[in-house]
Amino acid sequence: MIRTAVVGCGYWGPNLVRNFYEIPGSRLLICCDQNAQKLEPMQLRYPTVKCTTDFDEVLNSEADAVAIATPIRTHHELASRALRAGKHVFVEKPLAFSYQQCLELVEISERQGKVLMVGHTFEYNPAVRKLKEIVDRGEVGAVRYVYSSRVNLGQVRADENALWNLAPHDISIFLYLLGSVPVRISARGRGYLNPAIEDVAFLYMEFPSGVIAHTHVSWLDPSKIRKMTVVGSEKMVIYDDMDSEGKLRIYDKGVVDLGQVYGEFHVKLRAGDILIPKLDQREPLRIECEHFLECIRKGLRPQSDGLSGARVVRILEAAQISMREGGREIALDQVRQ
Amino acid sequence: MIRTAVVGCGYWGPNLVRNFYEIPGSRLLICCDQNAQKLEPMQLRYPTVKCTTDFDEVLNSEADAVAIATPIRTHHELASRALRAGKHVFVEKPLAFSYQQCLELVEISERQGKVLMVGHTFEYNPAVRKLKEIVDRGEVGAVRYVYSSRVNLGQVRADENALWNLAPHDISIFLYLLGSVPVRISARGRGYLNPAIEDVAFLYMEFPSGVIAHTHVSWLDPSKIRKMTVVGSEKMVIYDDMDSEGKLRIYDKGVVDLGQVYGEFHVKLRAGDILIPKLDQREPLRIECEHFLECIRKGLRPQSDGLSGARVVRILEAAQISMREGGREIALDQVRQ
Amino acid sequence: MIRTAVVGCGYWGPNLVRNFYEIPGSRLLICCDQNAQKLEPMQLRYPTVKCTTDFDEVLNSEADAVAIATPIRTHHELASRALRAGKHVFVEKPLAFSYQQCLELVEISERQGKVLMVGHTFEYNPAVRKLKEIVDRGEVGAVRYVYSSRVNLGQVRADENALWNLAPHDISIFLYLLGSVPVRISARGRGYLNPAIEDVAFLYMEFPSGVIAHTHVSWLDPSKIRKMTVVGSEKMVIYDDMDSEGKLRIYDKGVVDLGQVYGEFHVKLRAGDILIPKLDQREPLRIECEHFLECIRKGLRPQSDGLSGARVVRILEAAQISMREGGREIALDQVRQ
Amino acid sequence: MIRTAVVGCGYWGPNLVRNFYEIPGSRLLICCDQNAQKLEPMQLRYPTVKCTTDFDEVLNSEADAVAIATPIRTHHELASRALRAGKHVFVEKPLAFSYQQCLELVEISERQGKVLMVGHTFEYNPAVRKLKEIVDRGEVGAVRYVYSSRVNLGQVRADENALWNLAPHDISIFLYLLGSVPVRISARGRGYLNPAIEDVAFLYMEFPSGVIAHTHVSWLDPSKIRKMTVVGSEKMVIYDDMDSEGKLRIYDKGVVDLGQVYGEFHVKLRAGDILIPKLDQREPLRIECEHFLECIRKGLRPQSDGLSGARVVRILEAAQISMREGGREIALDQVRQ
């Protein structure tokens, strides 16, 4: 039985609380939030769990593991203190506000011999896992390009922009699917509600293989879209997280290159069946929390470990620079460490 | 009765043939295509119309007006010869392959006192016209940003890329809706089937008002998407040309700025009714062809005149440069004339 | 503060438990189920609530009100015992297995001066309430006919058929919307998994006004459908409970009767805008439970009182007879009391 | 080359005209309609085809085959005259207004040695053919029940009700799919615009195998629905003719009967992949017209021959009686010949 604590009970935290309360291998000891009001519903729903506004109580508690779901700017401090206090640490995405901070957390976790995991939930989403399986076994052929939209109205944030808030999901999925890191990126965005906080961003990435990835994030949109398209040389796949019939659609579609005839380039379109595979119906966050506990139990490195979190933050940092400099292309290895 | 001719009977031309044949104010005299095979179905369907592979026959015919639906690279030559032969000229989008060529066509048409119109069909689409009406009367408030997708599998072209083939539609709609021309643009794209011909492109534009526009075009996509979203300060509108229930949806949604409270930025989301307005069911191309004939009859300047065509091509040219130079931002007034 | 108890913690009961636990005006004292296994998750989630397999403990408890969500065949006995023990009683739909049983419950509740309410949840659903408002203010004109589908794969029941399990929802909505009771009904159905338990049923009803209503229920269907269409002389409305964009669509559509011309009947179709009204987002069950508590507090008669439950059961009984007799038409006043 | 004529150029006839004009093996000689106005667009579009208001001209023409798309009440007379004049005859559905009339037409066609075919278009629809293939090879297991909706706003008819106008499609598909004829039927309907002409009808049919079929037709509906569901013991299929992504969806879903355990009936739900098969994209009417011509050429009996037309009309007649007698169940062998 692993004793757990959750820090941050605002928008997302209560989901962590629910999971760490309900998963058989976990015993949730303590919930923490600076704002006592956020603790009230937790106390009502889970009367046996201790609620506190004092993070030191978490550090001094018997908890083996701490899950952090606070604003990004606090991640580095809270996570490093928890690691130093000998806790295993789970941090919501993005891992920290800079690549440098991420690498520090990785170093501390290694020194302490504790698990450090970042909440790239989609790496635990059965649809994304199935998609990776399809890509990995070559079913789509060579991946050509991928693009995604993650837009809706709200959660408008005052302390982070739509890029940092929403794009970590898309970036972590792209890295997971493609098994590599982009070499060049460029981003555009604009803050309409507050010029200093971009509500809308477009992020372009080039991978070493020539694959390009594009994502559009926004919290100013009339409809909620959570959609990614993978275009391969043999098949194409749409992953639509809002589709109630089935989140994945595998299209047996493509363009057959007929080569040059008299100097002219000839192609033929090919369109076959569409398959909507049955997916595991479990909650991705449940799978993720169980993976965290299993890594602690067995001393494993998480799928989304600290380095994985660092890679995503490195891209966010580069994108932020690009966005502020009018879309300037940034070679990823230029990002200072 | 205006006597008409159609040049180019490949993919799109037959739609012009059908309209100029059926519209009461037009008498279609002649169809022309270099490829005699393309003329066969025309001859079968319209036995009273003369079919020829010789463009000179069109020039020498009694046709008052010539509609051109040939590959882009031939637009400038065919259109200038037709104007010089004293014909009114309709050219499919884009008007030509360079801004310079477009301005020449404008000049010839003015010298000849003949109508020059470019086939920006969507400016005649009832959904787009309704959308402009909604924007113009201030119903959406201040337009913040607009974005669109125009993707599907095929028509893969060997002589023009997806940007020149598909994006003229989106660009002409953006210019029409916003009533202005972007100051800066940047584009990204890649050719997967043929490295020299981009199958996929992302185009970013900034307008003087601060509005940004983004469009994604591709002919390598599993599903056909024809969708544009207008985000305003008061309302938001989705124009989905593939939606059989109604192409426009007006969302009474927004974010209310509550100002700063103790240095914190506060907002509230607002979501009201959604309205799907009834639209005129006429074929946009029919409206467009009738407008061309009416401009000839009354000596009017078309909605999508030669200058309108030139503005769109100027953006395409700039986008092409940007795309070939890794997304470099281009100030539109730098495009050589 | 009303002290509450919930009896039956199987499929639906836990939703009642959650609501009576969370609603401020209620204090949930006790949960009861014959099957101790069903109580375990309740005990885990609500450690302060007493869990028991003994219904007498509920009767002897300090609970003021008892909510019953057990199999239909037990409703009459449990509800009458609870009423006789001086409790206010909420019973899940359908109220009992016969009209006669329902009337008995009504009588006991009146004698005891206690509230008796039946869980016709949809009468508390904001979409249905909005629909009734639209109908009542004459916006759709004269209602012509209504039809609905309530189909999906599963919950297959072994002790009640799809008609008794699913159709109470549709019947209660029809009665609520139309404010009257059908005069004639006829039903068809078949049991495929078990010939004695109909998986599929079609129910036809005629109302005094000439309105007809039809509903199709099934638990053998590939997709989940929860849809009702109201066809009026002026407008038409679709209520689709599965539509994530908006559950109600009001179509300004109709047929205009142009009268007879030379003995011929002439009509014209009319199609205008479609409106998707914004709806209250609260959980219908929450509204329903709060209504029950309010009726207890203020001594009011519930919207879905015992007589309302009796009217629905009378139709179910008649439908059951009709279904077993090959669709024979049953005049509702023939149903024995 | 088969010389063809089309009689009736109202709503549907022009589609027959277009096909018989364009199919290579046919030479369309003549179009006929009592109303000269209906002939004008035909004359404009097909100047080489003779247009006449006189049916005798058709009979006396050199046409080998006559296609009839006139109001139902005229089918029997026009078809029998054409057959007697030695023409092969294609009649739009339904074949005639009574079973008796249908059998007469069959007899005349046999005596004359001419092809008699009825326009059950859906038997030539690639989606329906694929569906039959799936059913025939046992992929869905035993068919349990089928149901369909064919509703929309309009074409309101003054001379036939929605049952005769719309239901022939569903009935012909059911008969084609199941390869048998129902033993019992019952129908309900109501005329709202004109009490003598039902706008809405519900038709219930029982097949010898125990399969039940239900169809709902209406021309008073806010949305256009063309949907059929086949529920089998192993799989389920939805055929949605309005679905632009794919008209057929094959659901690997079902209920597994686990037998009785301690006298209780146990089942388990099973849900696997969904497959959207690629379908032949040809126009069903084209396939149908080509089949008619091929039957003439090769002396074959059409898939939808006169007897097939008669079987559908027998059901319509029985349904009409049932509908007028309050849904009385009719044994099909009671329908007088």
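Order of writing sets the chain letters: A, B, C and D. Residues in each chain are counted from 1.
Note that a residue touches a chain if its C-beta (ideal position, glycine included) is under 8 Å from a C-beta of that chain, and two chains touch if they have at least 3 such contacts.
Note that the structure is a prediction, hence the values are computed from the model and not measured.
*Asks:* Sort out for me whether C-D or B-D is joined by the greater number of C-beta contact pairs.
*Replies:* Looking at contacts between chains, C-D has the larger number.
*Asks:* More than half of A-C's contact pairs recur, by residue number, in one of A-B, B-C or B-D. Which one?
*Replies:* B-D
*Asks:* Any idea how many Å lie between the Cα centroids of subunit C and subunit D?
*Replies:* 38
*Asks:* Nearest whole angstrom, what separates the Cα centre of subunit A from the Cα centre of subunit D?
*Replies:* The separation of the two C-alpha centroids amounts to 53 Å.
*Asks:* Among the residues of subunit C, which ones contact at least 2 other chains?
*Replies:* Residues 223, 245, 271 of subunit C each touch two or more of the other chains.
*Asks:* Name, in rising order, each residue of subunit A that touches subunit D in their complex.
*Replies:* 245-246, 252, 271-278
*Asks:* Name, in rising order, each residue of subunit C that touches subunit A in their complex.
*Replies:* For subunit C paired with subunit A, touching residues are 22, 44-45, 47-48, 223, 242, 244-245.
*Asks:* Would you mind writing out the residues of subunit A in touch with subunit B in their complex?
*Replies:* Checking each residue of subunit A against subunit B gives 144-145, 147, 153-154, 156, 158, 184, 186, 188, 190, 192-194, 197, 200, 202, 204, 210, 212, 214, 216, 218, 220-223, 229, 231, 233, 236-238, 249, 251, 253-255, 257, 264-267, 269, 271, 326-327, 329.
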